[in-house]
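Per-chain numbering from 1; labels A, B, C and D assigned in written order.
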Amino acid sequence: MVLMSSSFGSSIRFQLFGQSHSRAIGAVIDGLPAGEFVDMTELASFMSRRAPGQTAYSTSRKEADTVQIVSGINRSGQTCGAPLALLIENSDTRSSDYIEIAQKPRPGHADITAWSKWLGEQDVFGGGHFSGRLTAPLMAAGGICKQILNRRGIVIGAHIYSLAGIEDTRIDTVTPDAGTVMAASQKDFPVLDDIAGNLMKQTIISAHESGDSVGGIVECLALNMPWGVGSPMFGSLESSLAQVLFGIPAVKGVEFGSGFEASRMRGSVHNDPLYLRDNRVAFASNNAGGILGGITNGMPVVVRVAFKPTPTIGLPQQTIDLTTQSETVLSAKGRHDPTVVVRAVPVVEAAVAAVLADALKEAGFLQQQLQPESHDQSIIDAGKIFELFKK
Amino acid sequence: MVLMSSSFGSSIRFQLFGQSHSRAIGAVIDGLPAGEFVDMTELASFMSRRAPGQTAYSTSRKEADTVQIVSGINRSGQTCGAPLALLIENSDTRSSDYIEIAQKPRPGHADITAWSKWLGEQDVFGGGHFSGRLTAPLMAAGGICKQILNRRGIVIGAHIYSLAGIEDTRIDTVTPDAGTVMAASQKDFPVLDDIAGNLMKQTIISAHESGDSVGGIVECLALNMPWGVGSPMFGSLESSLAQVLFGIPAVKGVEFGSGFEASRMRGSVHNDPLYLRDNRVAFASNNAGGILGGITNGMPVVVRVAFKPTPTIGLPQQTIDLTTQSETVLSAKGRHDPTVVVRAVPVVEAAVAAVLADALKEAGFLQQQLQPESHDQSIIDAGKIFELFKK
Amino acid sequence: MVLMSSSFGSSIRFQLFGQSHSRAIGAVIDGLPAGEFVDMTELASFMSRRAPGQTAYSTSRKEADTVQIVSGINRSGQTCGAPLALLIENSDTRSSDYIEIAQKPRPGHADITAWSKWLGEQDVFGGGHFSGRLTAPLMAAGGICKQILNRRGIVIGAHIYSLAGIEDTRIDTVTPDAGTVMAASQKDFPVLDDIAGNLMKQTIISAHESGDSVGGIVECLALNMPWGVGSPMFGSLESSLAQVLFGIPAVKGVEFGSGFEASRMRGSVHNDPLYLRDNRVAFASNNAGGILGGITNGMPVVVRVAFKPTPTIGLPQQTIDLTTQSETVLSAKGRHDPTVVVRAVPVVEAAVAAVLADALKEAGFLQQQLQPESHDQSIIDAGKIFELFKK
Amino acid sequence: MVLMSSSFGSSIRFQLFGQSHSRAIGAVIDGLPAGEFVDMTELASFMSRRAPGQTAYSTSRKEADTVQIVSGINRSGQTCGAPLALLIENSDTRSSDYIEIAQKPRPGHADITAWSKWLGEQDVFGGGHFSGRLTAPLMAAGGICKQILNRRGIVIGAHIYSLAGIEDTRIDTVTPDAGTVMAASQKDFPVLDDIAGNLMKQTIISAHESGDSVGGIVECLALNMPWGVGSPMFGSLESSLAQVLFGIPAVKGVEFGSGFEASRMRGSVHNDPLYLRDNRVAFASNNAGGILGGITNGMPVVVRVAFKPTPTIGLPQQTIDLTTQSETVLSAKGRHDPTVVVRAVPVVEAAVAAVLADALKEAGFLQQQLQPESHDQSIIDAGKIFELFKK
C-alpha cells in the first residue's frame, strides 16, 4: 500500500505533482468556478515572492518559476469549467549534489522515511516529492484562488510573526486595516516592524555564516470573509486549513486566534463578547480567530504556523551510511535557505487562499453571475443564453 | 456550483485534464505502487491502437499522441511513489471548424448542456473537455496500469461484440483462452470473426458515404483476476467499472455477464453451479461475469459497453441558432469518425485496467516485493535497506 | 485490506449499515439541506411499497420496516443540518434457516466471495451485509430525498419495463405525463398495462410453483429536472446513477435513454433534434435519456435497470461443501421472493432520488430560502435573523 | 450549500452523528479489518474515562454512555467486514436549560455561527451537533481502534501537559516507558506529577467557584508505531491527525514534537541525529515527534493539543438578544465543566487511535491473519477455507 495524498479540497480539488528534479512540477485544479480571469502578470508577481535565488536569506538555486497553464482556460483567458492544469519546469537541477544523500539520509529530512515507505524506489534527488520546491505549484494554485477571492473583497496577507524568537509587531485582529496587512505581506522582508525585521535578518545571516539555520512563525489573516463558511467537527475550517498547512514542509504547529495561549486563559477573558455595530452582529475581541464551531463568524480569520529551522545545514551532523551500514557524519552541500520562514510567508497565504476558495464554493459564495437557480426548472431560455453569448 | 469530476479511483486516484484544443491534455495518477517500470515503447504501441488518422474507419485528424511523463518516475524509469503526471500535446487543432458550433449546438453533443452548466464560459472548440480526445490520457493512464497487471498475470482484452447489429463470434467466458482474447483485441479491426468484421467495415464505409454514423457494443474480459477483489454495495466492482465506463463519451449502457439477457432467464439456468476442479472452487458457467456481490469470484470479469452512433454526421440536422434565437439547420464540418466503436476497444480496456488496478491495490494485491508487514514494528533493519540499495 | 464502500454521494453523503440479521439496519445521511420537513407518514407509505410479506409475489418474511430517525432533525421535524441517522430494526430473523449455507455457499449469491474477502469472519446469516434487506435503508434515505425533490416539482416514478421477457407499455419519454408515471409506479403491481401485468404475475406464480425464479427490467423516469445538473466524464450523472444502481443486489445492467438499442441505430436517427418551444430550447426526441455529456438537458431522465432472477430457488443446485471439501447439492430453505423485480421498483426510485438530490445540491439547486449569497460579506444583519427567528 | 463533514478517514471511514439532545448519538465505522474482537467491557471502561458526572471537575449531567453495537459484528463478537454502527442513547437532557440560548447566543460557542449556516433550522438544544457530547461516539469509535492497535503492540496514552499554565512533568519521548505513559493516562486525574495535579485541581475548583473556567494542553504519545506509515504533503500523518483533532470542540492549536518551540531553535539543535542501535536505525532525539515528511520514523508519535477554557461560564457575559435585536447579558445555566481538559485526555487518545488505525490500514499493517496475497491468483483453495471454517 503506497497511497499518495498530494491532493486536498472537496468542492475545488487540488492535485499537486512533481519532484525537485523531475522534468516539471505542477498542479491540477478541478472545480474552479467558470468565467474567472487568470491574470498571469499578477500571478507571476505573486510567484516571485517565494522565488529562490533572490536574496541573501534564501538558497542560491535559481528558477524562473514561470507558470504555464496547459488546460482549463478558454480563449479569453478565463476558467472554462474544465480542470485547470499548470506546469512549472525544473531547470537548475544539480543532481550531483545529491548522490551522497542517497547513501546518507539527511537528519531532519524525509530521506529515511521515504525509504521506509517506498523501499528504495523513491526519487532521492533534491528530496524528490518531499522537496520545498513543491510549494511552487501550491503557490500557483493558491495564487489563482487569491485572485478569485480578491474580486469578492476577501483580502489575505501574512507576515513573519516571529523568527528565532524575535517578534514582529502584533496586528490588531479585531479591526485590522487591510492596507497595513497587505503592505507588510508584500515587503521583501515581510514584517510590520522593520527594526525587528533588521534584527531577524542579522540573525539569519549570522546563522548562515555559522553553517546553521533558524525557524520562525508565520501569521496569516483573511479579512472580509463572510459568515457561515465551514462545517462542524472534522470539516471545520480549522481542520481544512490545518490539513493543508501541515502539508507544507517544515511545519511543526498550527494555531488559530488565541491558539496555545488560550490554554492559560480564563473563560471570562477568552470568550469574545457579542455586540451590535450598526445593527449588525460583531465581536469585541477575536480570540476565536474568526472561527466558531468550525464556521466563520465575520471576524478576520487568524492562523499562525510554526516552522522548524531548515534541516539542511553546513555543520557536520551524525547520520548513518546505508551502503556500509555504519554511522557516519554528513556535511550538506545542496543549496538551501538558512531559513524557510521568509519564503514561507506567501506559501502560507497561498495555502489559506486555496482552502478558503474551496470552503467558500461549498458554502455557495462562488457563484457565477447568472445564478443556476435563475434557470427555468425545465428548459433554458434561449434569450438568456443569447445575452451571455454576446459578452 | 460548477464541480468538475474528471477523476476517479480511491487507492489509486486518476485525474484527467485538457480540452480538445487546449495546449495539452493529460493525467495525474496518484497512488501507483512504487518500483513499477513504465515501458514507454509498449505504451506507445498501446496508444497507437486508438490513434486517429490511421484508417478509413476513423477521423482524419492526425495526432502523434506521444505520452510525455513529467513526474512520478525515478532515474531507472520506475514509478517512485510520487504522483505520475503525463502530458500529450495537442497539435492538429483546426479551431476554425468550430466557430459555427459556438452558435449552433450540435445535436447529440454536450454543446448545449455545457452552456447550461458554465453559462457560456466553456471552451467550445472541438467539444472542449467533452471531446473524445480526452480518452487519450485515459488510454495512457490505463495503459500504464495494464503493464502493472500484466506483470501479475492479469490479461485484459476487448473486441467488437457487435456493430450496427452485426455480431462477432461469442467468446467462451467460462474457460477463455488468453491468447485468443489478446489476438483479437490487438487486430487493426478487433473482432474474432473476420468475415463478420468485413461486414462491419462495409457498413461503416456505407454509413460514412451517406454522411451518417453507426454504433456498436464493445466486450471486455479480464482474465486471471484473483478472488476477493471489490466491495459490497456501492463499492462493488460493477459500480466502480460502470462509473468510469459511463465517463467515456457516447456510452449508453453497461452490463456484466449475462447482463440484460438475465432479465429473461430463470434462476435455475442463471445461477452458476459451483464445483471442485483440482480441489479448488470453480464455476460451471459464468453468468455472473466474474463478480458476485460486487467481489471477484475467480472467473473472467466480463463487461459489455454500448456505444451510440457518432453524433457528428455530415447530414443536415435540425438545431437552434443561439445568436438569432431561431431554428436552423447544421451540417457538421469537423473531422470525425463514422463510428467510435473501433477506437473505443482499447479505451474500454484502458478504463477496465485502471479500475482493476485501483481495486487490486485496495485489496492488497499490488504490494511491493519487500512487504510492509515484514518491517520490524519499531525500527528499520539497516541491513535490509542495504540489500535493497544494492539493487 | 478490507475496505467497505457501503456509501455514496459527494455533496450529500449516504452511508448504509447493517446485516440481514443484525440488531438493526440503517443509514446516515450527511449534508441534507437544513429546514426540510421529513413527513414520516409519507415515508412509511413509501417504505410499504417494498415491504416483504405482502403478496404472493414476495418473500413471506414479515418486517414492519418502521423507520426511526435518531438524529438530524430539530423539534419541528425538519432537517437541522446535522447528519440524519435512521434505524430500522430487524425482528423476524430465522437464523436457523441459514446454518446450512455457512457450509454450502448458495449459487448466485455472495456467500463464497464474502468468504474470499473476509476469510470466514463475515456474517453469513441471511446473506449478511449482501442481503437485499439492505435496500430498506436505501429506500428510507431515498424516500426522504424524494420528498425534498417533490417540493421542487421533480417527480420520480418507475415501473416494470419487462419481466421474464413480457413487456409493459412503453412510456412516452419525450412529453410524459407525470400523473401516468406516478399512477403506474404506485400500483401494487407497478405496470402501465394491467393485461401485461397479469401475464407477468402468472409467470411469477408458475416459476414459484416449480421452485424457480424470474428476472426483469425496471424503468425509472425523473421529470422536471432542471438543466445543467451533473458533470463531465466520471462525474457524469450516468456515472453517479450507475454506481448506485449497480450497488442494488441482483442488478446486471444499466442503460440510459436508447441504451443498448443505440448500438443498432444510425446517428441521423439517434441524435435528438433541437427546436424552440415557446422561445425555449427543447428536443424533438429523447434518445439521450435526458443527459448529454453527463449533464441534464431539460428532458426526462430515463434509466433502465436489468435484474437477474432471484438466486435463491427451491430447486436443487450443485455447490460445494466447505466442511467436507466435496461437491454437494443444495435446496434452499430461506424465505425468498420468486422475483425481486416487483419490490425493486421503489428501490430504483429511491436510488435515483438519492443520486439526483446529491447532484442537484452540488449544482446549487437545493438552496435554503434565505440564500447564502444574500448574506452581507462581513457581518450578519441581526434584523434578518430576527425575522427568521419568528418563523 | 450546507455540506456537513462529521466524517473522516479514507481506508477506514468514520461517520459521526447526533446532537446533544437528539434521541441518540453514534458512529458508523466502515472499513475496519474483519475478525477483530470488540471487547465491550474494555470499551465501557474506556468510555468511563470521559463520562460526565463523576467528579467535581466536570459537569453534573449524568449519562451512562453505554455503547450499543447494532451492526458490523458477527455472532462471535468480531468485526465481520460490514460497517460497524454504534449507538449511545441520550437520556439526561434538560432542554429547558437551553430555551434562553435560542435567543441569546452564548459567547465562545457555535450558537451564532450555526445560525449563519443553517439560517435558524439548526438544533439549538445543548449546542446541537456542536456539543462536546459528540466526543462520546468519537471515544467509542477510537476505543475500538485502540483495541485493534493494542493487539499489534501499539500503545496510545495521553496526559495533561499543562492546565492554566501549571505544567506536568515532561515525558521522555526518545525512549519512553510504555508503562509510565499508560499509568498516567488512566489516572482519574491524568498527570505524571500528582503534586502538579493537585495544583491543577485547586485551580479548577477555584475557577469554578468564581463562575469561571480554565484551559490547558493535552499531550498524547503513540508508542511502537512501525516505520513508513503516512504520506507526503497533504496526506501527512500530521495533516490527518490535525484534521481530526481540530474537530474536537474547544481545540485552538495542534503541534508535533518540538512544535512551536521549534521556531526558536537552530537547525543544528533541532535535527534528530541518526545512529545504529543493534544494527537498526534509531534517532538520538525526537524533535520530529516521530514523523518526518509526513511518515512515521519508528520513534514515538508526539502530539500536543491546546484547549481553550470552557466557553460556558456562570459569570455574566455580554451578548445580543436576537428577538429584541438589542444587546443583553447572559448568565449560563446549563451544566458544564469548569474545564474540558480532564475529560479531553481520553478523547485525544481516541482521535489519535482512529487516525492511526486508518493510516496503518492504508499502509498495509492491519492485514488479517490469512494474507490476501497468499490467495491463489485464480481460484480459492477449498482446503484453506476449510481450515478457517473449523476455527
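Note that a contact is a pair of C-beta atoms (placed from the backbone, for glycine too) under 8 Å apart; a residue touches a chain by one contact, two chains touch by 3 or more.
This structure is a prediction, so every number in the text was calculated from the model and none was measured.
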{"item": "Furthest chain, CA centroid comparison against subunit C", "value": "A"}
{"item": "Shared interface numbering between subunit C and subunit B [over half = same, under half = different]", "value": "same"}
{"item": "Rounded Å distance, subunit B centre to subunit C centre (Cα mean)", "value": "27"}
{"item": "Separation of subunit A from subunit C, taking each centre as the mean of its C-alpha atoms, in whole Å", "value": "42"}
{"item": "Where subunit D touches two or more other chains, by residue", "value": "1, 3-7, 10-11, 16, 82, 112, 114, 116-117, 129, 227-228, 232, 276, 279, 281, 298, 320, 325, 363-364, 367, 372, 375, 380, 382-383, 385"}
{"item": "List of subunit D residues in touch with subunit C within their complex", "value": "1-7, 11, 13, 15-19, 22-26, 28, 30-35, 68-75, 78-85, 87, 102-103, 112, 114-123, 125, 128-129, 320, 322-323, 325, 361, 364, 367-370, 372, 375, 380, 382-383, 385-386, 388-391"}
{"item": "Subunit D contact footprint on subunit A (complex, rising order)", "value": "1, 3-8, 10-11, 16, 105, 107-110, 112-114, 116-117, 129-130, 134, 162-165, 207, 211-217, 227-228, 230-236, 238-240, 242-244, 246-247, 249, 251-260, 262-268, 270-276, 279, 281, 284, 287-289, 291-298, 306-313, 315, 317-320, 325-327, 362-364"}
{"item": "Subunit B partner contacts - residues on subunit D that touch it in the complex", "value": "1, 10, 82, 152-153, 224-228, 232, 276-277, 279-282, 298, 363-365, 367, 371-373, 375-383, 385"}
